[in-house]
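Next, two complexes with chain A in common: one pairs it with chain B, the other with chain C.
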Partner chain A sequence: MKTLSRKAVLGLACVLMLAPAVQAEVAYVSNEKDDTLSVIDLNSLEVIETVDVGQRPRGITLSKDGKKLFICASDSDTVQVMDLASHRIIANLPSGEDPEQFALHPNNKLLYIANEDDALVTVVDVDNHEVLAQIDVGVEPEGMAVSPDGKWVVNTSETTSMLHWIDTATNELVDNTLVDQRPRHVEFSRDASTLWASAEIGGSVAVVDVATRKIVKKLTFEIRGVHPDKIQPVGVKLTSDGRYAFIALGPANHVAVVDAKTFEVLDYLLVGRRVWHLEFNSDESRLLTTNGVSGDVSVIDVADLKVIKSIKVGRYPWGLAVKS
Partner chain B sequence: MNSPLLVPRLAYWHCLRGVLAREFRRFMQQRSRFLSALVRPLLWLVVFAAGFRAALGVAIIPPYQTYVTYETYIAPGLCCMILLFNGMQSSLSMVYDREMGSMRVLLMSPLPRAWLLLCKLVAIALISLTQVYAFLALAWLLVGFEPPLAGLVTVLPALLLTALLLGAIGLLLSSRIRQLENFAGVMNFVIFPMFFISSALYPLWKMREASEWLYWACILNPFTHAVELVRHALYLELNLPALAITAGATVTFTLLAVLGFNPERAARGKGGRP
Partner chain C sequence: MKTPRLFKTCLLALTLLGGAAQASDPLSVEVGYLSYRPPTPPALSNILPEARDTGLRGAELGIADSNTTGRFLNQRYQLQNLRGEDPEALVQQAEALKRSGVRLFVADLPAPQLRALSQRLGPDTLIFNAGSADDALRREQCLANVLHTLPSRAMLSDALAQWLAARQWRDWLLIVGDQPEDRAFADALHRSAGRFGGRIVDEKAWSFDTDLRRTAQKEMPLFTQGSDYDVVLVADERGDFGEYVLYNSWFPRPVAGTQGLTPVAWHRVVEQWGAAQLQSRFETLAGRWMDSRDYAAWAAVRSIAEAVTQLGSADPEPVRDFLLSDRFQLAAFKGRKLSYRPWSGQLRQPIPLVHPRALVSQSPQEGILHPNTDLDSLGFDAPESQCAPLYAKGEER
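So, the complex of A and B:
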């Protein structure tokens, strides 16, 4: 009995000694009104650090090697590059005016940035810090996505209510798809066969066939006790196994869970106020949401489809990126 | 050879069993009472809470880790509402017992009065608990109220203590009420204020936003602390201040109730009347 307990103590001590060596997964959250990033430890679900960045940080994305973080500092009119080892800004990329969202090409070299005020998409080489092209799109471009195969870049323009299809080989706009009012975010499925586009004022999400660039399904939402005007879809995330789609419904304060195969809405999960963007952790067991008005990040358990915690961050959290 | 202590010990046990059996038999015969005890909180949960089911969740306060719907917030308070009504209803049954003379039969027992009343309290509490668990099952079915499963076990002692507290308050009241008709007064002056001026329906910070005196009235109300004890226990947390206040209030009200049933005092009280 004594030996057993001694062994147990030894075992526990080993675990405790090893624990700090395990690299914890962290989430970066851009706080639009605080000009900061909050760093959340995804094991303890607590904010472990707050880092000052440029003015009005919104869209953020990780480099494919996980070493750098690109930050749209909208009011500084630049895309900042943060070294994640030191949490220092190491470069400012020429982004064009008022960058809001962007997407990184799978080649880890080209960044496609939506310039809201200039109705442009700017293509930047992140290694040479050079602007390679500027492509005219609709009024108030916002959502950006690059297809997983790297062939397509899709931009949404809020006022024109269109998806603009840009061929990455030529950097030319080749097609447009009309969707409901104020499209804000686009997300490709893992196999690049479909594209999901949220329309904030239209209150819908269009599922577009990438091959034909035609809408194959339009999703609408209805939450008991919530006025339809408050249902304003923004962020969209799809699980890589093709099972679920999660859609942030803005001031409706809920995230819709959709069966990505049958397009049936399975559930609505209550999160903080004005839920904006979404991001998975690396094994997709958890989904994080930024809740702008309540200034927190909600954590959803994907297997149980339950909200397990809401973590206070800075004012108006906007974008999310997870580093494993 | 029988020890002289054995007989009284057995007698204590017989007494508890007898009182429990009588209360349960009465409870089984009054199915409508069981149903009405469930309908009341269910109406609050399904109808009243529906009006507050706006997009906005209730802000995060312990023990919750995230935003909760209003139904989830008021469910623990409604559990305590069942205990509150049962505690008070038992006081009604005591008055009835007294009017019918069965209380006199009970109090004629050679066992200490405190023990007799404690048996009565425990019997009322156990009956209330079955109703609370029936309510929790229905709340899960109707509005998807889902505390952690282990919470259904950890909440048991909290519910029992709350039931004893409210039963003791009921006993104290029944020692003061001389006629059945006075129960309406109990409703207006005890049940409603206790329920409404507490954290059962709104969080304390919300009360404080409304008015400072209302907040302090809630703090002074032992029912608030019982609700918070139950709320935390449902989510596997021990709220120590709430436990201390609820336990302290239970002991105080039980003592007062036992003193209230003192026959000498009662006799003196009666003798003094014209």
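So, the complex of A and C:
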């Protein structure tokens, strides 16, 4: 036992060599009024890089293999594709005008983009950069989601106050669900049986049965000392175990924690000002929020339901994506 | 002969199918739009004239927005535009439109013409006032078939007074033009001063007829001399002299009211709460900026469409009752839902305070309390208005 065996030394050397190469989990945050992305190291919870992108970046989403980031550069009228190894923009997709939010099909090939100014949903093939279809929807399309089984695309139109159901097999709009005023965001449950839709001005979240496309439950919120008009739900995230729903309440500066089975509101967590979008880290132990007016990201510990840190980013942080 | 019979059966089936398709004819909603502006005396400051189609373009955008929605609900909206130099002829055209079945109107008219229209069209119509800020229409001279989407002068002056109170600029010098509208706005400011703790240290009537474009630097400092004030308030609705008060007051003080910092229903600088989208839709349609009367006309048409969507009917009485109920909510790019005051038919709304290049603030100000909604701290609250009985539900009238 006086010296380490050769094997052990080799093993240790390998660990030492490899350790710096293990990429920490990072979050990308789009800063709408800075034309940048902030990159946050999710171990240290610090901004490690700021990357210039196109004008007015809003919705961002990762490719399914985690190698690329799609960025809605709204005022550049394009969806940019960033290579995450180099942080270089490697392509601009023909997105239609003023892209705001989008959703990537589980096949990693089709991107469904909401064109806010044109009342359209544009379907783009991300491999050959072709527009496959444009679908007429209501005024100011915004929220976008593809069902986990890939069958449905749902788009919300803010001024029309509807959820538009698009069949991914035909790219046709087949049904509409009327919800409260100004629907902003939609999120499917993992089993694709329900869809959660926030209504910003209506102040409510509708839980919709996917099979019938009918509302089965409407959630409302109440926070002591906050005027009801300021409770404006936007971002929604569901834990994949089906336990919680987190709902960002905009200028109410709180995130609501909802029991996803009983629909009971369990708690309200105070975050930064004008909280809009939410994203989990990969093991769902943490939830990040973008707080537009205070220009920061709040970090919520999901097990404890406590806000543990706020991280200063650029001006008007909007979208979030996490790469493990 | 089997084949012809089969053929006939098919024909019959097709006919029936066709019939079924016809049964779901779209719900067609026609909205009459009227505008009339009395000729105004020439103003000194005539450098930037107002757009000639203000109001109308807002209504058109409201129609376009509603049709995009209506496509999914089998509704179709149409605007009938009436415009005239002669107010009497205009009312006659509106009556003719009513005879052809139109029951919903948006009016960009001064108060006297609005009163005439309301009376001539009668109780089985609903008119949206998108042109007159007249306070009396909201307080004692109410019109049962009229709802107001344009803010009243009292709402505008309250919005300004709240902000002045928040800044603690309490001492006001008030300069009033010689038109009746100027007097009306000055009266609204007097009322707001009482409500929010402003002191009008002096009120001066502007009656000079010199050309201030050349001599403002000489005239205005002398005119604004006197006891000290925190702010100069101007009541000059047509923009005769007000622009020349800025930078020319005796004391180096800011200017607000109808010039300088102005309370408005809408302005190009409003871009929060998704407003950037409305602004860009409007600019694509009209090729210019959206103003307060455009916004009021847009909000009127959107109110109609929202009621029709919820009710499945465009009859004026249920539409009016629905709009006055707490079931109605309108997302209108001002950061919160808008609704109508059931005692005066006035659309509740936040009031942006703007200068020509930026949004300065938006009232109601933080900290203003109200038992119902802080939006009712702007303009005439229920106890101040005598109109409630007129706006009671159909069956209660």
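Rule of thumb we're sticking to: the second predicted complex is superposed on the first by the 304 of 324 C-alpha atoms of A that agree within 3 Å, B and C clash if a C-alpha of one lies under 4 Å from a C-alpha of the other, contacts with A are read in each partner's own complex, and residues count from 1 in each chain.
Rule of thumb we're sticking to: a residue touches a chain if its C-beta (ideal position, glycine included) is under 8 Å from a C-beta of that chain, and two chains touch if they have at least 3 such contacts.
Because the structure is a prediction, the values reported are computed rather than measured.
**Q** Given the superposition on chain A, are chain B and chain C in a clash or a fit?
**A** On the superposed model, which is not a single observed complex, chain B and chain C fit side by side.
**Q** On the chain A superposition, what angle, as a multiple of 10 degrees, is formed at chain A by the C-alpha centres of chain B and chain C?
**A** 90
**Q** Could you figure out whether chain B or chain C reaches more residues of chain A?
**A** Per-residue touch count on chain A favours C.
**Q** Based on the superposed arrangement, let me know which partner A:Val307 touches: chain B (first), chain C (second), both, or neither?
**A** first
**Q** One more residue to check, A:Pro251. First (chain B), second (chain C), both or neither?
**A** both
**Q** Which holds for A:Ser204: it touches chain B only (first), chain C only (second), both, or neither?
**A** A:Ser204: touches no partner chain.
**Q** For A:Ser298, decide between first (touching chain B), second (touching chain C), both and neither.
**A** Only chain B is touched by A:Ser298; chain C is not.
**Q** Considering only the touch criterion stated at the top, classify A:Lys230 as touching first (chain B), second (chain C), both, or neither.
**A** both
**Q** Just chain B (first), just chain C (second), both, or neither: which does A:Thr160 touch?
**A** Touch partner of A:Thr160: chain C, not chain B.
**Q** Considering only touches as defined above, state whether A:Thr177 meets chain B (first), chain C (second), both or neither.
**A** neither
**Q** In the superposed model, how near does chain B get to chain C, counting Cα atoms only, in Å?
**A** The answer for the closest chain B-chain C C-alpha pair is 10 Å.
**Q** Name the residues of chain A shared by its contacts with chain B and its contacts with chain C.
**A** Residues common to the chain A contacts of chain C and of chain B are 227, 230, 251, listed in rising order.
**Q** Enumerate the contact residues on chain B facing chain A in the complex.
**A** 50, 53-57, 59-60, 65-69
**Q** Give every residue of chain C touching chain A within the complex, in rising order.
**A** Against chain A, the touching part of chain C is residues 65, 68-69, 71-73, 274, 277, 280-281, 284, 302, 309, 329-331, 335-337, 373-374.
**Q** If you look only at chain A, which of its residues touch chain B in the complex?
**A** 223-227, 230, 251-254, 270-273, 294, 296, 298-299, 307-310
**Q** Considering the complex alone, what residue numbers of chain A touch chain C?
**A** So the residues of chain A in touch with chain C come to 98, 116-117, 119, 136, 138-140, 157-162, 164, 173, 176, 178, 180-182, 200-203, 227, 229-230, 232, 251.
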